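Letters A, B, C, D, E and F mark the chains in the order given here, with residues in each chain numbered from 1 onward.
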Amino acid sequence: MRLGPMVPTVVKNLISKKSTRPYPFVVREPFPDQRGELYCDIEQCIFCGTCARKCPSQCITVDKEQGLWICDPFACVYCGTCEEVCPTHCLHHKGAWRPVAGERQMIEMKGTPPKKKKKDAAKDAAAE
Amino acid sequence: MPIPTKQVTKETLVAEVLQLKNAGWRIVTATCVDLNENEFDLIYHFDKDLQMEHLRLTVPKGAPVPSISGVYLAAFLVENEIQDQFGLCFDGLALNFANHLYLDDEVATTPFCKFGVVRKTAAAE
Amino acid sequence: MMSILGFLLALVVGVFVAPILGGLITGLDRRITARIQSRLGPPILQPFYDVAKLLGKEKLLNNSWQAFCAYVYLVAAATSVVLFFMQSDLLLIFFVQAVGAVFLVIGAMSVPSPYSQIGAQRELIQVLTYEPLLVLVLAGIYVHTGTFKISGIYALEEPMLLKLPLLFLVLGYALTIKLRKSPFDISASAHAHQEIVRGVYTEFSGPYLAILEIAHFYEVILILGLVSLFWSTSFVGMLVLVALTYLAEILVDNVSSRMTWRWMVTSAWAVGLTLTLINLLSLTM
Amino acid sequence: MQAILDFIKSSRIKSPWLMHFDCGSCNGCDIETLACLTPVYDVERFGIVNVGNPKHADILIVSGTVNHRNKKVLANLYEQMPHPKVVVAIGACGLSGGVFREAPNVVGGIDKVIPVDAYVPGCPPKPEAIIDGVVLGLQKFAEKSLA
Amino acid sequence: MAQTILPFGPQHPVLPEPIHLKLTVEDEIVVDALPALGYVHRGLEKLCDIRDYNQMVQIVERVCGICSKIHAMCYCQGIEEMMGVEVPDRAKFLRVIWSELHRVHSHLLWLGLFADAFGFEALFYQFWKIREKVMDINEATTGNRVIVSVNQVGGVRRDLSAEQLRWIDAELKVVEAQVRALRATTLDDYTVKKRTKGIGVLSSAQAMELGAAGPTLRGSGVAQDMRQLKYAAFDRLDFQPISYPDGDSWSRCAVRYDETLQSIDLVRQAMARLPEGELSVKVKGKPEGEVVTRVEQPRGELLYYLKGNGTNNLDRCRIRTPTFANIPPLVVMLPGLELADVPVVVLSIDPCISCTER
Amino acid sequence: MHSTLMFILIVLPFLAAIACAVVPVKQVRSAVVVVTGALLVVASLLLIGKVPFETSFTSMAGLPLASMTQLADFLLLGFVLFLGWKHKHLGIKILAGAQLVILFALEAFMMDHHAASMAFVADPLSLTLVLIISIVGSIICIHAIPYMDNHEHHLHLTISRQPRFFAWLVVLLGTMNALVLTNDLLAFYFFFELTTLCSYMLIGHDGTEEATNNSVRALYLGSMGGLALLLGAVFFQNMLGSLEIQEIIKLAPSAGYAMLPMALLCVAAFVKSAQAPFQSWLLGAMVAPTPTSALLHSSTMVKAGVYLVLRMAPGFVDTTLSTYVALFGAFTFLATALLAVSQSNAKRILAYSTVSNLGLIIACAGINTPAATAAALFLIIFHAVSKALLFLCVGTIEQRIESRDIEDMHGLFVRMPVTASLAVIGVLTMILPPFGMLMGKWMAIESAAANVPVIMMLALGSAITLLYWARWAGLLMSHPLQGGVTPEVQPKLTKYPLVALCGGAVLLSLLSPWIYSALIVPMIDMVNLANPQAMFEAPYVTSKGMLGADSGVFPVAPLFLVLIVGMFLGLRVLKNAQGAREASIYLAGAQSRTAQTPDSFVGPVNQPVKVANANYYLTRLLPEGKVTCWVNTAAVLLALLLVVGGL
């Protein structure tokens, strides 16, 4: 039974450097391979839909016809499964976390579906 | 491959459980599995010195099962849980949350059954 | 008797300067506490931001009696500080301050919320614990100086601390309760919240909570004023004594857990009364 | 007088007291919220104090999925907060129900029950992101109190 | 005698999670305590119907964020057993390293929260400050601080480089030194002992009868730890369960304090003996059959019952978490205590409601 | 003029009592009570201008007072003996028998009866008591009129027993007036015994078994006091050859051996003031209808005891006896305050608090300095007014809610806004500055500051007092923000007495500096006059509504100023608060969301649970039975010490 064994610790705290990180004035470098914001390099995407099928949160929708890669950023749980299964490695987690938002969002990326690459692109252009 | 279990019946369940208790077994938990349209499997798990013993009780839906919370008080929680999720009723629950352990009245059917049945609420009893 | 000028001075200092000082000390307290916990802590002016923000919030009440009680608490706290600066009777100052404590309790009890009620009961038990100790400290001062008047203490030749060291400890014990610091922060849980949320403060919100905070600023000044009397012979001595005492309070706050009220009553009475008895007897013998 | 009113106004964003309610979260988000209060992140730098009482809170931080039982609690707490107030939803669960969206007892995100002012994505979001969320909340807070 | 009836929770500042206790007190002595659950119930076990057995790994991780890693490990072990998959050795050791790191961070977190329960703020902050180092290790090695997602059926998803191992070792030294510095305060301080010694006593017989698990059980003198089952790489590590005999809150605290240091040691052992090799094996086929697996969570014995039916989706995934087992002992311990002891005793079982209710 | 006033104050009540007893018409009885009360008030007020004076009568209105009392004395004792026999109570029989024998011996062998006159002395002390008895007492009697109607209505009595009740009630007023005015110890003894009888009659009024038992207990303990008093008188007669009170005081201090009879007198006083270990009769007396409790057992009759001690106090200045009296009083103050903490029955709280406060007054008498005497007097005055108010409030509340348990009074404001507010004010006047009770306590603490054991007990006791009062006041006032409060209708005779007492408590507090100059300064002068050795100075000077001394100041008027400003502010705040949003109480977020279940939370099994709130009674820390046991043991020891140590 002792009285105040905490004293040395708190005195040390008082005179040594505080451990508070000065965020947001200084932002720490992310560790390598950190799973931050998910990012799709849409140019590389072949719209195979693997990511959509494997995602445990089922937050990705891939529309091969339209060339749409849609993700609900509010439902993604940053597990990295999609990144691992993507055959073209077009999905990456950035180091930094996804910025906060003031309202609901949806990530909708439009790319060019494979095979009918040029033809479709021309068609689209013509349609517009 | 099914796990090695000892099959019991509604009639022998409580006696078997009592026997295990007297032999110094600790109750780990119970599991309810929805087998088909008519039956549940109730598996009781026990532990003694890191060894496990399982009792399996296959029961028809709709009929109450004797509670073992009289033997192991601790079982009241899991039995209430099963009552909530599967609509399987227990006779002689030490502490009966009357289908409201987890779920509110908004949940109308038993959520864990593939073949859901209407939940009886406390008011209905 | 006091001159009119002196009276006005006491009034102004007591009513306006004291809460500002009290707020600053509270801010400093939070800063030091943070450092002790290895944190940066809030700005020194934080207590004022808090109060100002609270004043601007929506009024939310369970009944109007609550609001009334909050104001009585404030008025009583301010009055006791003014009386202190007028160098009035210590015992009386202390009784006036008790008005505030009682109204805080009554206000908290007027709401049927169990947290508020339990807080109120505990606050009463705190009063029960520190009041006798304070009265006895004052009695000791009386035995030493022959008067309950603060002016009598200023007439002393040597610091009271030398003659009343044990009573000073008792005072410290009592003031830890009054300052709402661990191990005695049991009725309002100023920082912690463990079992009763914010106890007596639970049902006060917005401007009414601000009132209570301001009243607490006054109380801090009153308490530290009382401490300063123990080194009444020099201004520097006063400051040093107050600073050291307050630091000690912060330290104790940070190296102990919060105790239960049963322990508080028994320990405070056992330790406090024994120390008082020794010191009083040594004075009267 | 004007000076006092200005001071009150400017104090609003300097003293955001927050209350955290765990609305059926997996604790991941909660421990990260708590981590914000601890020495390494120390949000008390910004005057943020964790209060346990809706009546004292300016910011309500909610994590986790809404279910039928806790949605009533959530609504109660929101109602007991005095104006102005903001709500910050954190984590995939709080934003949308996350990975549990389709679980049988899940209603969905926080905004199904109370209006949300800031969404902090992540599972769980890092403490820094939660601080960002509070900052965004504060901006809304300032707007609301002007209104 | 006049009674006060109050709701303790679901929202209560001392409880990070929503649980409700209807407390009846007389002069602050608890005469009756009745729990109410369901504020966190999601029904996630049922998601096995619509998510395949691989996706379920991410879902069971989110049963509880605090020991996410261990849930996933237990689940994966179950599936692997069912499918007859032998996991590479390196993966087994890595599983131990991360799971013991999780225990360290969970226990440090708990030690802090426990200190908070009896109002020792500085101690709370101190433990959480130390814990941040462990969180950094998690983040640097797995890519996330809390839900680390390193398990997969068949092995692990990440590796540790030699450089990382050295860094972890250095960091853990600091953590260990800092934790040791708090021993006297946590276990021997007068005020702390007053608040924990003899508070919430659970005899070993009661603990067994009520089905207590983990530190709650070991705090009552029963040295039972699922790591004795020698899953993962525990068959190749020195491990003895820690127990204290008194059965009070102090004992439970002492168990966890010692286990923190023990886990640091286990991480070191595993790092020292880490074999080279593959991280995972390719899994073929679909799970079929029944399996029961158990591992030791920071809070105690975790049991998974899994039933596959030869499709990608499981038939039944049943999770029995340690807190679920510790609720009945809690209800028995509360009457007769002071109101001020309620947070202490509730915290002393290290309740995790999200895992209790899933 | 003297004789007229004396007649009104002493004899008139007896005549009124006869009228009450014989005239069975309710209206007449009420009128008699009201008129008697009014006359008493007027007479007592007129008496203010007359003090100090001494007078003696051989007869009053043609009645030979002195010889009548002698005769009545024997009749009284005989009656008590009869009661002892009737209730088969050995103790009473022995005590009454012994008193008969001793009294006979005293009258027959020790006294010469040449002057068969009755001497009265009116000084500020007796004047104070006369004022209290006549004014507060009358108010209580008037309040009793509607109260007793209700009371009997509740009991479903077919034949009203009110004549008897009111007769004893007013008899008591006369008796008390006589008791405080008489200068003859033997006459004092007679009136003292008469109050015991009144007490017996009124406690047993309802005739239930409990009432009867408690009334017998009161009679038994009262007789003990009587015996002690009589023995004291015998000793004084023997030693000093005189039973004139003023004479005794003058002679006693010079004679150390006179401490034994003094001590006996003190013991008699302790019994009457229900000091520990004799408190049980007063607790038992709470079964009586509330006016009885108010009149006899709080504001007036029990004051006879403290009056006796205070009266004799100049006779034992600076003696060991005095020290012991102070100790004893302080001990009772503390001990019974502790006992009060464990009570939830409002009348028992009031009873313990009464004993406690009387203890404080006795402690002041024991400290025996002018400041302490002043404190004692203030305490007597303000205690009487505030306590009467509280008792009447409890009575009124009880008849409405049919419970005396304070736990049943949560949020009483909603049902009885007026009475609840009055009760709160009553409580506040008991414990807070700037009200008189607190000022008395302030003086007491300041004058006891150098007496280590006494100050320690006073410090503890006053904190405990605060505890049990504040929690009661707190729970009365809860009410919804908007609406919900039902206006209260009360009979005039219920309401006016309450309002009068409440106003009195506040107003008298404001006037306390003037009361001090008018009553206490002359009283100290009289003490000096009576006792040439003691040259006391008035302890305080009053100026600008402040009481001041070297040792401290109590700025009454300035504090009242703050109070008034504060009230003004407070009322504005109250009005302002109406604009606030009404919040539900904090229930950890679980509050039930339907309007049918207010103040409820959703508990286990999803059912609404109504919250309950209760005060702390510390019953595990301070179980009443055990504490009583310790207290009684300690008190017996102290009392023994007092009697023996005085020698």
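Throughout what follows, contacts are C-beta pairs under 8 Å (C-beta built on N, C-alpha and C of every residue); 3 or more make two chains touch, one makes a residue touch a chain.
In this text, all values refer to a predicted model and were calculated from it rather than measured experimentally.
Traced through touching neighbours, the fewest hops from subunit E to subunit F number 1. Listed here as common contacts of subunit A and subunit E: C, D. Looking at B-F and C-D side by side, the one with more C-beta contacts is C-D. Of all the chains, the one whose CA centre sits at the greatest distance from that of subunit C is B.
Placing every chain at the mean of its C-alpha atoms, the farthest one from subunit A is found to be F.
A straight line joining the Cα centres of subunit C and subunit E is 43 Å long.
Per-chain CA centroids place subunit A at a distance of 52 Å from subunit C.
Averaged Cα coordinates give subunit B a centre that lies 58 Å from the centre of subunit C. Distance between chain centres (mean CA atoms), subunit A to subunit D: 22 Å. Shared interface positions of subunit F, i.e. residues touching 2 or more other chains, are given as 581, 583-584, 586-590, 602, 604-606, 611-613, 615-616. Residue positions of subunit A with contacts to 2 or more other chains are 4-6, 10, 13, 18-20, 56-58, 77-79.
Of all residues in subunit E, those touching 2 or more other chains are 4-7, 10-14, 18, 28, 38, 41, 43, 46, 58-59, 62, 120, 122-123, 125-126, 129, 132, 147, 185, 189, listed in ascending order. The set of touching chain pairs reads A-C, A-D, A-E, B-D, B-E, B-F, C-D, C-E, C-F, D-E, D-F, E-F, using the touch definition from the header. Within the complex, the subunit E residues that touch subunit D are 10-14, 16-18, 38-44, 46-47, 50, 58-59, 62-66, 68, 109, 112, 124-125, 128-129, 132, 135, 145-147, 352, 354.
Partner subunit C is touched in their complex by these residues of subunit D: 4, 7-9, 11-12, 14-15, 17, 38-39, 42, 44-47, 49, 51-53, 55-56, 58, 80, 82-84, 145.
Residue ranges of subunit D in contact with subunit B, taken from their complex: 68-69, 104-105.
On subunit F, the positions that touch subunit B within their shared complex are 604-607.
Chain contact summary for the complex, subunit B toward subunit D: residues 102-104, 106-107, 111-112.
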